[in-house]
């Protein structure tokens, strides 16, 4: 392949691991260690997560975000339950039915909402249509919020709390898909606790892979009682790594010294530079206020052609995510650009330069 | 922890990765790469596996052996199917129902057999009890052979073929759980093709984790047509790593230059030394002829106490695996000792020394 | 209970069986019969269905419509498949996730559409959003059409064919939920073949319970090859009655001499009378042209109160089924009224009289 | 068919309904009734069952025994749970994996035991091999006892209690498959309470179909708290009949005036006559003491030929159910003969006469 991937803005999962995390893998590799997650790296990562979240937590490390989400949701949803989420949520649109698989057939109910966000009104509307205790209908049991959303937008802790209050009042659990939890956190400038359990989140998919790890996600239960059977679910799903130190050490290094926050800040900064550079170019339209390391832009097709010719890689995005009046015209294209923690500022500059022509 | 783990013979998954595989991870980490298994390392590993097995194959990498087994079996078994395996098989006894989960409820039928091996007679007996086409009964659809078995014993290619012939004649697919495929292969001195598809194996769980990788297994279909929907199964199971290079590069390095065979030979050699050392000690009984890197021994309790006091770690094993007349007496203990590719000959010597007292 | 249920318009399943079908049960009860559907009544019902549909068919009798739908869909949808249906379809809204359960987690995708009907445009739009062969997304595998729809409206054979053509071109199977198949058929005045396989339906849930049976539905495959494993699905779902004559004889009697068509015509006629009577009353609004034995009406609340006071029973209906401009005002209520084959014309007249006040 | 089915001893499900139960269906058919089990017949049947069992119970009627068993077990077993039962139990051998399906993949563990019965020793042995809290292994969660067993033998209340005590001490629930509950009850001469909850049974599949109904079984929870989600399971399984009166009225009539006990006594009496008649014939061997309406016999082949020639129908039975020394020789056949409540004493006499030759 001669394509220069330097200008790769397809996803933050096209990066490798941060050197410190890679080094942690190298360091952890020596010698013998207890298998199946009973190793010391995992234990330390668990303890650090308890400190990070300022409370006792039950932590389960897995290697993929889909596993984290589907397992977490299965722990709080019966097979006859409904999981309410945004209609564009990753769990609903991009996981090939994993939540249905792990929950033995629960139903995902997609809620509408601008810019990838669920509103209290939309949640209340949906709940109003789901009679409780009527056996013909699946029962609402979980609300899943994506922080950040599929549109790169964020819920403030107050917004989370408003939604969680509705969910809890309806007897539902609140799950957060935090594949980009760190990016969201530094963008909001709040604490992990404020963005999760203090706002009503019951179970969190805490992502590290996109933000500097190689394959490491944590399912975090803020009420350990809810986690009692989770070890069986994980094992039965084939998600208990025998050499568990591989993920334990990644999580330990990810958290050590606040590395995770630094990396997220870097990725976000690159996105800010990219947004700023594109915003001033003629014909570029930015549908939403950028919050994290995702830039969504409606570009003139000619600009898109120049960028592609320069070797840039990024994904077109579905216009459905836009309100009708914002949708691209015949000479425009709607795209998503994602820098990662490892994206060089020079790459951002080069991309902007290519866009400018 | 002050326990010296030097004498760790609990499992070959208590080792880290071989340095060459670790280095492959380090090397693969640089730069951007296509996600979800579309990376170049994975492509190369797939091609090498085709060469290793001397035919076109469909390959799917995953991070755990349980995932490999359960996904592979789900691809060849309907929910109303039965999977016949040895009653002690890992899939039946140690995977928390993962095959049942991934197959949506197929039934595992455990067959008896000395030293962990299924015999043609036992297979025929079981099939005779399973009427075909009778809807009250689950239908035999897969035979799963563990190579090596849970007792560390091996099927010769001729034995595999004899069983596979029966299975195929009954319309069943043949799966091989090759968590220790390499150890078995070098012990038998045959080719990968001879020990798999030439003997009738249809789908193989090809393990690398226990033999030098950190987290890397391959599901290999010898008839790619059977694999048509497998990518959906893997994704839906949460087993498609986003940074797929992590497992692609492990498999590539594992196979490169025959490393996998060298590592297996080393582990087997350590087991041979261990067996030889124990065999001559008074009171030690070895129930089966050792074949790979697993030593099963009935030890005097006093010897076991000395070994443990010296810091040795290994698992007691279920006497059920023994025929009644071999079972341990009141002053004996039945144990399994597993050296890995990384076990130092000195550790084996030290263990024997401790046993001798 | 002193409530007079004479004016019961809640559902056609609040009636008992037609006397001829009840008599068939009485007649079939004598003597011994082969169990599990191997009885002669079932055989005769299967043959008659082949005649009714003018082709070879594979027929499986079950006792409930939910079983028929969920089992039928499971036979044509993989766990990673999507079933496209109207957003108000019974399978999506009223079966507690049974299709998800029987399919091991397939996803139901609800399509919008006025008056309960899917349009080719809506189907094409949905398919355009479902990339084929992308493992992150569930794959469209079945289109389920409700004939009649949840709004009591009908697809003409040409409309069915237009949708089926799109579905087949996309590699999907076409299922029809025919819980009120007979009512639809006589309303359209077409043949069973024209309303099913000639229009592209692959598998049909053929209802009898609502139209005169007590508990009897048939799953009919027009391509028997698709039905090869269905007997296992039915048995495993607990839907193979041991005394199968109970459902076999109902189906036989239901079809004998065209009883099923007579009963449907009766129920439809009662609905026509009801519609005609309500239509002329001041303040009554009828949102859709009635087609079968379901009358949907927006009533003045005062009228509703008079009807209820007279002992009438019927269900309020969700205003979501109406386009916004039709939705009930503060002094109105939206209701569904269903006469059955057994509804006396006098009951209809009494209801209209009560409505008139 | 010219075969005379008068001598049908294949199964008690080859009979129709008892006239009183058939009449109940006829009577219940008139007029309108609430759907989905909210009807008055079902309410009365529930109340009567509470009286019959002398305590508050949660009752759910379904149409098949497989549904009753699989749904009941799913309510007390997690997907990673194990259900311990006799190796020949109907749930393990004759339901096509229904328990696995409804439980989302739990594992059935078959225990050995003479004459179809589990012993405390066998249960303790099995539990000793199932470590609690080890995530590699499925966890024992339910014990299922068949009363009567597949061999027609019975557990005394004391025997049930001994097994239930072990199960409860291990944290398991106790299920009873009472497809022939009535036959067992009258044979033992105890009360329904003594044979169920007083002996430790937590959930019962209470059969009526084989003993005089057409299609009616009840799942009975003795602790209604365990039944909280059962209505969703039943609906989702397609087992909630819309015209629920059909099964409600059968159960009501089955229990009314002790009809169920009379019918069971009749069937048992026919079996006693059959056993007595066969016992005195040369060459006939009866492996177990008959308890209910099932006679198991090892017959000379010549006798078997005479019986068959006389039009008798019954099933050969698996010699596996016999201890080796009892198994049929080359000139013998092992058979099961089941008279039902409706079997005429003359039919039994004719069968014996044919056997005598």
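The letters A, B, C and D name the chains in turn, as written, and every chain counts its residues from 1.
Heads up, the rule we're going with is that a contact is a pair of C-beta atoms (placed from the backbone, for glycine too) under 8 Å apart; a residue touches a chain by one contact, two chains touch by 3 or more.
Here the structure is a predicted model, which is why all the values come from computation and not from measurement.
What is the chain whose Cα centre is as far as it gets from that of chain B?
Most distant chain from chain B: C.
For chain A and chain C, what's the span in angstrom between their mean Cα positions?
41
Quick one: chain C and chain D, Cα centre-to-centre, how many Å?
That pair's centroid distance is 35 Å.
Quick one: report the Å distance separating chain A from chain D, using the average Cα coordinate of each chain.
Roughly 51 Å, centre to centre.
In chain B, what residues contact two or more other chains?
In chain B, residues 79-80, 95-97, 101, 104-105, 135-136, 232, 235-236, 240 touch at least two other chains, as defined above.
Just say which it is for the chain contacts: an open line, a closed ring, a star, complete, or other.
Topology of touching chains reads as complete, every chain touching all others.
Can you check the complex and tell me which residues of chain A touch chain C?
My answer: residues 79-80, 93-97, 100-101, 103-108, 129, 135-138, 318, 320.
Within the complex, which stretch of chain A touches chain D?
36, 78-80, 104-105, 135-136, 139, 229, 231-236, 240
In the complex of these two chains, what residues of chain A are touching chain B?
Interface residues on chain A, with respect to chain B: 1, 5-6, 8, 10-11, 13-17, 22, 25-26, 28-35, 40, 62-68, 70-71, 95-98, 101-102, 209-210, 214-215, 232, 235-243, 245-246.
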